[in-house]
Structures are given as structure tokens and as C-alpha cells.
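Structures incoming, each one as C-alpha cells.
The following pair of complexes shares a single chain, subunit A, combined with subunit B in the former and subunit C in the latter.
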Partner chain A sequence: MKEHAQTAVGVNATRVGARSRLLGRVQFAADMRMDGAVTVKALRSDRHHALIVDLDTSAAEKEPGCLAVFTFKDIPGRNRLGIINKDQRLLAEEKVRCVGDPIALVVGETPDAAEAALGKIRIRYQDLPAVFDPEEALRPGAPQIHEEGNLLIRKVVKRGNPEGAFQQADLIVERVYTTPHVEHAYIEPDAGLAYIDGDGTVVVYASTQNPHYDQKDVASLLDLDEDHVRVIQTATGGGFGSKLDMNVQGFVALAAYLLGRPARMVYSREEAFVATAKRHPLKITYKSGAMSDGRLIAADVRIVGDTGAYASYGMAVATRAAVHATGPYEVPNIFIESTFAYTNNPMAGAMRGFGVPQLAFAHESQMDILAGELGLSPLEIRMRNALRIGSTTPTGQQLTASVGIGKCLRAIAPYYEESLRHDQDACSAFSRRGRGLGAMMYGIGNTGMQNPSTAQIELSREGRITLFTGAADIGQGSCTVLRQLAAEVLRLPPERIEMVAADTQRTTSAGATSASRQTYISGNAVLDAAAQLADVLLSEAALIMKVDRNDLVLEDGVVVSRADPEKSVSFERIAKRAHRTGIPLKWDGYFDPETVPLDPETGAGKPYATYAFACHMVEVEVDTSSGEVRVLHVAAAHDVGKAINPDSIRGQINSGVAMGIGFALMEEYHPGATESMKDYHIPTCADVPEVAAIIVEDPEPSGPFGAKGVGEPALIPTAPAIANAIADALGVRTFDLPANLERVLRASTTAKPC
Partner chain B sequence: MKSQFTYIRSESLEQALDFLARNGPETSLLAGGTDLMIAIRNGEMFSRYVLDISRLPEARVIQLSEGRLQIGAAATFTEIIRSSVVQASAPVLVSACKCIGSTQIRNAGTLGGNVANASPAADGIPPLVVHRARALLRTASTERLVPVEELVTGPYRTSIQPGEVLIHFLLEPVSATYRHSFQRVARRRALAIARMSVAAIASLGTDGIVTDLRLSPGSVTPAPCRMTAAENHLLGKRPDSELIREAAEMVSLEMIRQSGIRHSTEYKKPAVEGLVVKALTELFQE
Partner chain C sequence: MKTPNGLECNDRVKIAFRVNGKPMELEVRPWQSALDALRDELGLTGAKEGCGIGECGACTIIVDGNAVNSCLMLAPQLDGRSVETIEGLGSGDSLHALQEAFLAHGAVQCGFCTPGVLLSAKALLDRNPRPDRDEIVEALSGNLCRCTGYQQRTSPRKR
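What follows is the complex of A and B.
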């Protein structure tokens, strides 16, 4: 018998939960009902920065149907939240730091009662000077937002001798780029429900990306042991990073705990807009030095980020932005400085890409400017500088495998060549066409720190297999992929494996669903557990069958002899025997990627065990009379290592392109002005063309069956490619995102003649 | 807090007018609800009653009658788009209605509601203006026909009086020889309020001379109007790109004359000129 062909990975296994979603049977957090459940609503600041002089809740408490009004004084534990920096308050104490800061919680018998009581709270503020620009916030005398000062982080990554290299460069290009606040705009606004279980456990159902982190912060708020708090992720309609923060979890848990009744909270779209994190707006001053053949020799990149009133994932974004500042290119001499400051703007946090989409806009614009000055094609300059095996990254990490940027560029090349043949209709009275490339690299997992995942696989006495993972599937498909990986090891159809996911009482932590890490990191943890179970199955079968263990293989729920395929023993029989003899049938898996922390002075280290790569090519039509940009074609090549579920990857690529179109052309959140979808535009299907999604597989030796990740990479190259395509069409570049009607029309007025 | 109110649906126009005769000042009218429901949700609708007129037969008719195209105020955008009568005699209105919102919004939203809400960006208004549409307004005891330019008096303001119901519009139909164009710019390709729009219709003599031209922009002037200076510049002439460009500048000058120079003028001036050039070029191309 030959080695098995893969049957469960590399195939388009049906999504876990697809049927219940299609039939409308799945319960999202807002769908959950419980007898006696009360409604929680938050009173939020309408001030940017103010002292709370007086808070009078007496009239609200007398409102019919109002059960309670809670302030920070009612919090039994520590009134601090935050995944990295504990700088958020569940409810404001002496002051508010931004519009949307929660101040008091109203609990009503009904939503209307809670709403009515909310309107009766009287609050008196004393406004404080506010600051909205991170550079101003760092000047002496700026309003202080937190006691520790306004500087969140200054991260430096340096290597080689950039000053000397710039002196030798044939060409130096320096430009300043800006990107706006961006709202995640997941389809499901935040919602949750909490109740007290029979044994006193506080149970929180929530739309979340990280139940095990929520459990810690809820326990700390309520001054409970962690095992008295259980967080269960409900079906989640997208998160994109914003559901890594505690949004409703603390509110419903506090109300349920203090009142002893189930408590629900559902954000309106307006509340989700005002209360949850945004993408960090960055100002990037980017100086590149190149030789006349296009070879990059130096980069000096100064990044200034606005984390708003709270840090959230700001330190991670600042660090990842710095580490990724040079993109998928080898640049031997670098100085990168990433400085993030607090302001009175809304909190900025994690959003698909953690700062890399912003940096990619800058480094890809630089590449096209350099190419134009040097008379090279955009494809050629990227090819010449692309990282390869043996290349060194800005942190001094030498890449040893799975460096697929060259393959991605080559996969895009035919589309690029084809687009050049469209030149005959490039120019008309009202429109110009152009094409652009965007490329990227993206480190999988958290930056330079331990970020392990765990998993368990259990064989029941009846022979059924259950996979336990703490990973929150927020729509990206982690449950499906993890089940495929287990099925491949255990040689079963994936549907035969039961899934238990993202419940802190039944699963152990898989870390956050972020940083494109679940396939690679949790996937390896699942493989570890599955391999141990497979090992036991083979050993036990050998005892039962009295044959050489090396002659046995797993096949479709039985262990079978290679020599005599008629001879087999079922998983059920093995399970029953193992149970009798006391052999454990639940096995733990663990994986932590190999990283080296970044040196605090130089940034040197090994921030990630592996990197994903991608290149997008877009063609656009620019209406020079209105500034409208239409994306005509997109080709998107992604090195994913190994496609565990190709359709799922194509889905991610399509969604990333759509999000990238929004980032490039229309999405801009104006603090204090943008309220909801009525004044915040995300692309519709009419704005997104068909996408040629190209899967490139350059296997990662440490990945599960070679896999890396694609969740965030899918988004990153699109906006830079569009910006470059607009510049190609007009001969004029926009350095600020989004390239909205006004900016593009302004650029059109100085466009090159036809 | 959502607005609190009593919902009433009349079985007949007479009943509705009778109700309004008594409760007019305390009543908001509901047709498609695509604007009113948002106001209700935001607690910005302060009327005691909401009177649903969406099913009144008189307000749903689409027909040619006595040389006029009659379109009921409660006719939905989808019904207008699908009407062969409107397609034949007011195709620019069909083009405009196709740009509105999404399929769901077009299925619910009505032409009467679009006009009565009086958003400067209303896509339905410029086509009505170029068709010299008049609106029939009735109370229990009165009836009047008002040109759409006079009905809409400013942003979100109309001359509709409490107790009056907008029943239908009467448009001047155009013959098949008329040309038409509706141009629009928005921040995305669907589900977006127009940043600006232009509706235009024209007829040409056999010699290529412009015999009729009517041009009305949206989101350009405080109240709907025709761009007569630009129209007159081309009337009686054989249009060329120079004349078209001059006409477009006349439109942007008129915009600035009526609305003044604002922060948005840097964008709107070249953009409205672009829209007019596109519309006129489409009208007059061979």
C-alpha cells in the first residue's frame, strides 16, 4: 500500500455551521433570549475631554421599569480593562477622555424603560483642553490624557548604516503619507448576554474574538476567580480586530452579577460606531534610497500614530508597523521609528493588518515613484528587490524557507502584461485608465512574543471524535480548517469530527483570533493533539489485532492492516478497550511559534516564525470630471504556504479586496461627525469587480501541512495597488487616503494630457 | 428614543382628507417610509399621528391622461422604472429612479415621498423639473396644481400645507425624438446619496439646431430650478464642444450665484461642469 493522498486538507470542506446559517437557525448574541432578562444601556460622554463634576442618577432610578443605575462605584473589582495596557475604565471615574466614553449603566426591565431612564441622568462636566493630533499631543504643555503622559510607545528598528547608504544612493525619494480613522463596520454590531449559573458562575455569551481574554478582564472587574467566569463566543458576524477589545462583555457581566438576573446588551450601529475601536490613522514620512539599477539600499521611515484615548492594541500596531515598514523587499540599511501617542480621539485598536495596510500604502507608493524616476517597470523594480531565501529582514532575521513573494510577482506578471495591452482605450474625454501593483509581507502571529495555542482531541467510548479549540471562529473559517487538519491526521471525513470551540469552560486558550495566526498556530496545536491520538489508536490496534504496528494505518474510522486490508479494528472497539485498561483518550496539543523578542534598542530579533506574501494588480478607470474611480479588474496572488481549504482562501481574498477598495477610495471616519452607515461608505457589490484569486503555495516547513495564514494579507495589497493605478492613470499621485472624489478630482486637474 | 405616535391607514382618499381636515397639523404622511422610518427611529418625528397613504388608489396611478403623464405620489421607484408609459414619455425619470438607493429602497420608496422630503440630493426632482411637472395637492375642500419648483422651496422645505395630500404629478410627456441624459456622482456605485446630479432633455431640428433644451441639476442650488442661461446659450444653435463647455460654466456660475462660495465649491464647481458637459455631450452626440 502506498502513502495516503491527502483527502481532508487541500479540499473545499463545507463550512462548520454553514447549514444552520443558511437556514437562519444560528443564534447570534442579539438573538439570544432568556426568561427575566433585563436590558443594559450605557450613558456615554458627548465631551472629548472633561471632568465629571456631578452625576445625578436619582431621577433615572425613579423612572418606571428602571432597575438600577450603576457607576464605577458599583464595580466590585478593578475598574481597568485593556489587552496590553490596562488604561480603559469600564465606567468613567473622575473624567472622560473621548466622546463615547461610558459613564453609567442603566438597567431596565425593557429596552424602552432603559432608554427612558438613560435620558433622565443628569451630568455636569467641566471641559478640559483637548488634543486631536498625536504630534501636538507629544509637545510640552499638551493636555495630559493619562497620568503617565501622552506617549504610548516609541519603537525603533535599525540596521546597517542608513546615513552612509543615503550618501551613496543614486536616487532618494522622500514623501509623506497619511491614512484616516477607519471603522471596522462588521455586519453584526456588538452584543452579549450574561447570567448567573446554578453554581454561581457568571456566564457571558458574547460576539468576541478572544473569549479567554474576556474571561480574565471580567473576573478582574468582578473580583472573582477566573473559574467563576465563563465566556462563550456566540456565532459572530465579523470582527476585523474590534471584537478583540471588551465591548459589551463587562457591562452585561456587571449587571447580571449585581442584580442576579440575566442581562442583555445590543449595540445599535451608531453605538458600535462611537464606542468601539478604529484603525489607527498614521502619518508616515518615508525616505528611500536606491541605486540606478533599482536596488534599494536604504530606508528611513518615521511613523506617527494616533491611538486615541486608550491604547487597546496600539503598542502591537506600532511595533508591527515598524517591523513591516520595508515591505517584501530586502533593504540593508534602515532606520525606522514608530511613535504612537494618546489623543482625545476615539480609541484606535486592532484592525485587519495591524498597521501594515497603512505602511504598504507608503512603501508601495515609494516603489512606483522610484521605478518611474529610474525608468523601470513597477514589476521589474519589485522583482529586483523581492525577498528570497537567505534574505535578511529589517530585524536581522534571515529567511530560510517559504518566501513566496517572487512566486506571487510571477503569478501576477501575465495579468500585468495583459493589462498593458488595454492601453488603446486608456484615455477618453472624461476618463483615464491605469494599472497598479501592490505587494506585501505579513508576519504570522504576535510580534516577538510567546503566543501559544492549545487544543484537545477526545475519542469517546462510542468511537466518536471531538475537537476542542479555544479559537473564536468569527466568520473566517478557523473551525472548518482546524477540523480538516484533525481529519487529515485521523483519516476521517471532517464532518465526522464534532467541534467544541471558544468556550472558556470547555476549551483551553488558543490565543486571540488575530494576527492571521489561527491556521498556523492553532492548526499546529490541533495536529499535535491529533498525532498523539493517532499514535494511541495504532498502538492499541496492534495489541488487539496482534500485528506489527508498522503494518497499520488509519482509514475512515478504523485501523487497517496494509498487508491485509481485510483485517481492521474500529475506533469504537479501540475506545472501549482503552477505557477498560485506563489509557487516556483525550490528548492535549500545544504549539508556540519560534520567535525571538525584539531588542529594545535596535529592534533586532525574530518577530515571527513565518511570513505570508502577496501581490495584487488592479486596473482602474478614473473619471477626470468627477473624481470617481472604478476598479475594473483585480488579480490577487497570495502565498499561503498550503491551502487547507482553497474556497475559504478565495473567500478571504475576495473579502480582503473589497475591504481594500473601501480603504483606498471611500472609507473615512471623522471623529465627532461620522455617525453610522448613512455617512460612512463601505463598498457594495457594485463597487467590487470580479477578483482573480490566485493561490500560491510555497510550503512553510513549520506550518500544518505547510500552511501559513491569509486573513489579514488578503486586504493589505489592494489599496496600494489602487493608489498606484490612479497615479498611473493621471500621472499625479495622491498621498492621502482615501482617494475620495475631492482628492482625485483635484489630482485630475493637473493630470498628464492624453 | 423612538418617536411615539398613532398609526392610521385610511381606506379611501376621502377618509384620509377627512382625517387631515381635523388633525392635519399633528399628522405626518407615510408613503414608502424610507425617510420617515429613519426619523422615527432617531426620535426626530414629532407628529401625534402617522397617516399611511401608500395604498390609496388615487396616489398609485401611472397613466397618460389628457396629454399629461400622471404619476401617483405613492408610486414606487420600481413601479416607475417598470412602467412602459414612463419609459416612453419620460425616460429621464426612469434613468434617475434607477440610481436611487438599492432594490429594497426602490421597492418601497415613492416619487411623492422623494419630493415631499425635499432633500437637495433627491434624484426624482430634476427629472420632474425638466418635464415641467406640476403636483396636485388636495385637502378635503381645496385642490391646487403647483409646479415642482414652487413646491420645493428649499432644503427639506416645501409649500405643502398641513392637511394637504400630494396626490400625483402631471408631467409633460416628450416624444420619441427627444433625447435625454441623467448624470450623477456619488461616493460609491449603489446605496449612495448623490453628491450632485443633472437631468437634461433636448430636441434637435433636422438641421441639428437645438429646438428645445431643459436642464436641471440636483444638490447644486438651494431649491430646484432650470438652468435657463445655459439652456438659452445652446437654443437655436448647433452644439459643439466649445458651446457645451461655455454652457457648463454658466451652470457653475449660477450655482455660485445662488449658493455662494463654500468649502465644497473647490470640488463642486469643476464637478458640476463635468456633469453638465457629460449630459450635453450625451444629448447631442450623433
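What follows is the complex of A and C.
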């Protein structure tokens, strides 16, 4: 097949489900209706930390239309949830640990009845001392949030001799950076519907990023075997990490199971804000040592993270933040410590980038400060330190291929130089222009642990091909990409392959849609399955056609002879024959990236099989009279290994840039104060300029056709680039995100003259 | 509790309006939103509730030619009006030119905000067939998107 030009990958295949979305016909969970469905609503804590002294549901139960009020006592199985640490309760037991903790579930015939009953629940609390700062939470005598103490994790990565290297450094720069809680703000609030099907299986439809994980936790809550729980992902309106946690799934499953009626729950935006995970706020103390030529020789990075009342993905964020602390640069001597603690703040979990966007803000600010002190251009200092083939990462992993950071920097260079030319004339009494760079590396997949994916391909007796994947497509386009990969192997137009995705009864686990892993990991699993089918098609065709198998190729739904293109056999004929001879018509694919767990003492290991790289350049205009920052131009270069669907990648880059503008300039969630989109602003199209998206392809040998991933990398470099651009414009730097009006205005008071 | 015109919360108000060209009569509650009436009474679930307070634009419909946030409009206010929803854009399985343009430019990802964006865009184009980028940005700035970014909808909108 090698002589074929690629026709299904590297092309903008039509997105799976695009037409039904354009026609408004695709059903999101809140759009589903089922006869007899009841409405589930949750009573949530309005206290940060309190004992539940008394919970009286009797008046609520008497409310007309109220069918039941459930508390933790009604949970048949284990009242624990959590992807890594099982520290969440579906419904609070003796105490609440944060505002928003669910306490009781009301089930009503109608939404109004459920709402009315909710207001009738009487609850008495005894407030407990609360703690909202992770450093305070780790001091002796701090209020204890969980029995096991407030320390979630302390992760160290060390290499070389940082103390010695700092003594030799020509320049040491040490600064403290902070980032806020950030809300995912997917446009579709969480929703789900559950019912009991004919054979007693609890079926849960939900907006989710990981149906196979949901299945496990729902089964454990209800004390059922996993095969008696079926989770089906509905169309999902974005996730960005927050739909990796169990949000509505357990609630609707419990209500349906206990009442035997379909049960529906739709979060309001306010509930989605108060009840779901946030991005971890980090405090990063970053010390860099460099030689006069700009070469980095040492880094000492201390990260303190606030995981809130529950861990969610906190351990993964802490570890990934540590591993990525030095960015896409080679630093031989390092000490990195990442300490995450519980507090009474909202749970923080996975959010696009898992701690790397926060660290990139710090390491990229450090690079510009070093460059300024040493008289180097920001581009030059990055080029001098960029990782390359043969470089060693903080965990001691030697990079052997697909290290595209140098190519990304070179791709951005012309945009950067162009920007240098046209900003001086824009300087006026109340206006300054500046430009900044942000670069990043991002390990694809989970950190230093097995995170396999599986897939199946089936050939029907009629010769039709169906691809089964557990991967949840949440808008990023995994279904489209996986289908293109299968189509490329089978030499078919992608549209000819049926997709079955993210249904625990019909598909096997592909792992979470997180860590930018589905193209690389599930993609390889799909290739594995597709290659087996291709192999059978060729072998069977050789028998039917009585020719040498090496003479045959797959072409547009048939197997054709190279020597005599008139001779061919259809997939249908092969399928019928294979069926008669008892050859299986469904093939399993599997892939688990090659990783080595991190050493608990030193952090040494091979956390990821491959890394994505990127560099963004932004140009901003700062209004020094108001503190308003306008992003004028963005160029974004991403090494994706191989672009399976270039338009999809550009979509990811455009949305990553938009989210990065929000992270840089406006998004801050204040626990207890931020309620909804009225006081939490995300960028609109008026805030986002045209983005020059540049796709760099430095192929990854272990990737499907060389591909890596782009989902999270798309976001990471934007905010650091904006922070650097503001510093360039004003000559004053902001060390705390977001660079909101107040902070920029304050910085503007000491801005450099034109 | 009574509304200022003396209606009880659970009273029903009879309204007559056109939806996607078809005349429609409906009994709605005085405080029910236009969005809930479309979704719950008529089963037109293409308009979405993203925030309920007019910030996100996922509920956008066209009323008498203007794009409005249907979560902020009361159902009784639909009386006598002409309403366009996403279900009326395109016919059968064939796409409206605007939908074709979105498809061609990769402007649809998760699809939750898509119906609202399409209707804001249609209201603009019905009034101004050749908008410049600033006019497009102004017309679409009330439609938030988190998955796709904005470029695919603000720049290539050329029919």
C-alpha cells in the first residue's frame, strides 16, 4: 500500500455529525425527552465547611408532585466517587466541605414540583473553621478537610546539581507567579437522563468525556455489576476536562434505579458554575539560572496548588505541572517540587492543559526577563535553549524524534520580525503596542502510567465497515479523525465507514478524552484493528482471485489486482466467503504508549511516549488610560506530527487562542462570589483577532501516520505570549493572571515612555 | 402571585404566531420563556439554554427579522410575531447556503452554539447581504463559542 498517495488523512474530511448539528437536529442530553421522565434536582451546600446537624425532608416529601427526596442513606452501594482518589460523595454524609457540595436529591414529576420541594428541605449546619489557601491548609492546626489530612500530593523532579549550577550562573532571576481559578465554561451545561431498560440494565445518557469511567462509578454507587450499567455519551457541547468528573451521571442513575422511572437532570449555568471542577490556581516560585550567552543551566521551581475540597485530577495536574516546569527548553540542573493541598474552595480538576498553561505563564515570563537582562531577543534566547533530538527532559528522558520546537520558533520568526516593524508608530499618550512570544511542550497521554486504548473494526456480511471506539467526541473531532485513520488503511472514503462511539455496551474503553491523547493513542488502536481487517481482505481476496496476495491492493471498497486492474473483488464478496469459512469479522485493536513510571524520589522516568510543541506570537495594544488590552494579531505554530485533518487542527488552534485570551486577560472565578456568565466573562468574537495558524509536521515515528495531538497544546502558549506582549508594551510586567483592567492599569502608571 | 395584568402564575395565555412560516396556536404560562415554549411545548429543541440570562446566545431565534435571545423573551410576547428557528433553516436534509458555508469552513465543532450562531448570521445577512468583518463581529458577538473559536464564522462568511 506504500505506493499510494494518502487520500483519507491530511485532508479536511467532513466532520462526523456536522450536518445534524447544522440542522439543529442532534440531541444533546437536555434535548432528550422520555415518557414518564421525572426531574432530579440537588440541594447543595451554601457553607464552606460545616457539619450537617439536622436534615429534615418531611415537608419536601409532602409537596405536591414530589416523588422522593434521597440522601446518602438511600445509596445502595459505595457513596464514593473520583477518577483517581475516591474522596467525593455523591451525597454528603456527616459534613460538607465546600459550597456546592450535594446533600440531597429531590425528584419531582415536573421541574416546578422538584424546585418547590427543594425549597422545603430544612437543614441545620454547625459551621467548622474553613481554609482557603493551600499553604495555610498545610500548616499544623489547619482545619482538616479529609480524615487523611490536607496534603494531596508532593511530587519532586530533580536532576543534576542545581545548587552548584546556580553558583556558576551569570544571572539568576527569581519571581513568583500566580494564576486564578478558571471555569471551563463549555457552552452546554451538564445534563443527563437515565432509565431502566427491559433487562434491568441502568442506562445513563450523559454529556461526558469518559463513559467507561462513569460506568464504573455508577455501578459502584448502585452496587451493581458493571454490565448492568450502560453509559452512552450524548452529543456533548464541550468539556475541556470538567466533564471527566461525574457530574449528573450518579444523580440520574440513582433516581432512575430507586424509582424505576426515567430520570432527567439538567444543570442551570449557575449550578454548572458552583458544582463542577475548576482549573487549579497555582502559585509558582520560579528561579532560573543562565549563563551570559543565554544558556539555561539551572531551575528551581516550587509549585503550590489548590485542589479545593476534592482531588479530582489533582494528582495528575500536580505531576504534569512538575514534569513540564521547564517548558520546551533543555535545563540540565533542576529541582522541581509540586505540592497540592485540599482547601474548602471548589474542587479543582482537569482543565485543558492539566497545569501546563499555568507553568508556561511562569517559564515564558522567566525567558523574557532573562532575555531582557542579557540583552538577547526573546526569539534568540528561546532558539538557544530549545529542545532538540538528543536533548534530555527534566525526568531524564532522552528525546529521539519529533522535537518540533525549533521548527515552530522558526515558523513564528517572520511574524515576530514583521511585528517589530510596525509598532513604534502606534505609541501615543494613552496607547502602547508590544509583542510577545509563548512556547510550550506537552506530553501526549497520561503521565508515566499505562493508558491504553482499544477499538474494533467490523465487516458486515454485506461488506459494510463499522468502526467502534469508546472515545468520547466532545466537539474536538475524535470521531472524524479516527474514521479518517481507518479509511486510510482500508483505502475507502471516510464517509463509507459507520461510527459507533462512546457507548459502554457497544464499545470498549478508549480511556478518557483528555491529555490530548485520542488521536495518538486511540488512533493507533484504530490502526491496529484496521490493519488486521486489511490483512484479511487481502488474504481472502488472493484465495478468491487465485493470485499472489502481493499483487493485490485495497482500492475504494474493493480489492484490486495491480497487474490487471480489471480484476477485482468486492468487500461484500469477501465478507460472505469469510463468514462461510468461519473467519471472524470483527477485529480488536489495542495501543498503550510506551512509558516508564516516574521514580518516587527523583521523578526520573519516561512519562510520555511523545510530545507536542508550539510557539505563539501575539501583538497587543494597551490602553494605558483604561488598562484595556486588545489582541491585534496572533500567529500560532504547532508541531502536531502529522495533520490528519488540517481544518480540525485549525479549529482547535483558533479555540485554544480564544481560551488563552480569556486566561490571560479576563477569566477569574472567585469562589463564593462568581455565579454565572454575568460575572464570568469569556472572549467573544470581538475579543479575538484573526489567527494565523501554522501547522508544523515533525512526524512522530510511533504516531498514526506520524500524528501526535493538539487539543491542549492549542491553548497553552497564548496567555504567556500575551503577558510578555503587555510587558513589552509597558516595560512593566504582570506576575498574576489574569492581566485584568485593574492590574494593567496599575502597571500602566509606571509604563515606559514612547 | 399575580402578574401586573392580573394573571396567576399557572394561568394559561393563548397565543397565535408563526413558526418557520407555519401558523401556530399555543397555550403558554404568563412567565414562561419563549425558549421554554419552543423547546417544551413545540419540541423545537434546536435552540439551547446555555446560561438563561442572555449572555451566551445559544438560545438565539429570529423574531420579526431580529435575532433575539429567546431565554429573555416571554412566551406571551411571541403573540402575533413571526419566528424563525434552526428547524426552519434548510429544508429536509438539504442545507441552507449559510449552513453549507459553515460546513465548508469548518465552523461547526460540538454544535451546541451552532444554531444560535446561524440565526444571528441569518438575521444579519437578511438585512445586510454584504457585511464587512466589523458588522459580522458586531452581529455575532452575542454568540459565545468555546470549541471552535470564531475565525471560521467571522471571516469567510461569503455567500
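Please note the rule applied: the second predicted complex is superposed on the first by the 750 of 754 C-alpha atoms of A that agree within 3 Å, B and C clash if a C-alpha of one lies under 4 Å from a C-alpha of the other, contacts with A are read in each partner's own complex, and residues count from 1 in each chain.
Following the convention adopted for this analysis, contacts are C-beta pairs under 8 Å (C-beta built on N, C-alpha and C of every residue); 3 or more make two chains touch, one makes a residue touch a chain.
Keep in mind it's a predicted model, so treat the numbers as computed, not measured.
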Touched partner set for A:Thr684, first subunit B, second subunit C, both or neither: both
First (subunit B), second (subunit C), both or neither touched by A:Ala235: second
Most subunit A residues touched (candidates subunit B, subunit C): C
Touched partner set for A:Thr110, first subunit B, second subunit C, both or neither: neither
Subunit B versus subunit C as contact partner of A:Leu23, first or second or both or neither: second
Which superposed partner A:Arg15 touches (first subunit B, second subunit C, both, neither): second
Which of subunit B and subunit C A:Ser625 touches, first, second, both or neither: first
Which superposed partner A:Asp647 touches (first subunit B, second subunit C, both, neither): second
Subunit B and subunit C contact sites that coincide on subunit A, given as residue numbers: 678, 684-686
Residue ranges of subunit C touching subunit A (in the complex, touch as defined): 39, 43, 45-53, 55-56, 58, 85-87, 89-90, 93, 95, 99, 102-103, 106, 108-115, 118, 136-138, 140-155
Interfacial residue positions of subunit A with respect to subunit C in the complex: 12, 14-15, 17-28, 30-31, 33, 184-189, 235-238, 240, 266, 268-269, 474-477, 647-648, 650-651, 653-659, 676-678, 682, 684-686, 688, 690-691
Contact set on subunit B toward subunit A in their complex: 1, 38, 102, 185, 187-192, 195, 266-267, 270-271, 273-275, 277-278, 281
Subunit B-touching residues of subunit A, taken from the complex the two chains share: 112, 115-116, 119, 429-430, 623-628, 630, 666, 678, 681, 683-687, 740-742, 745-746, 749
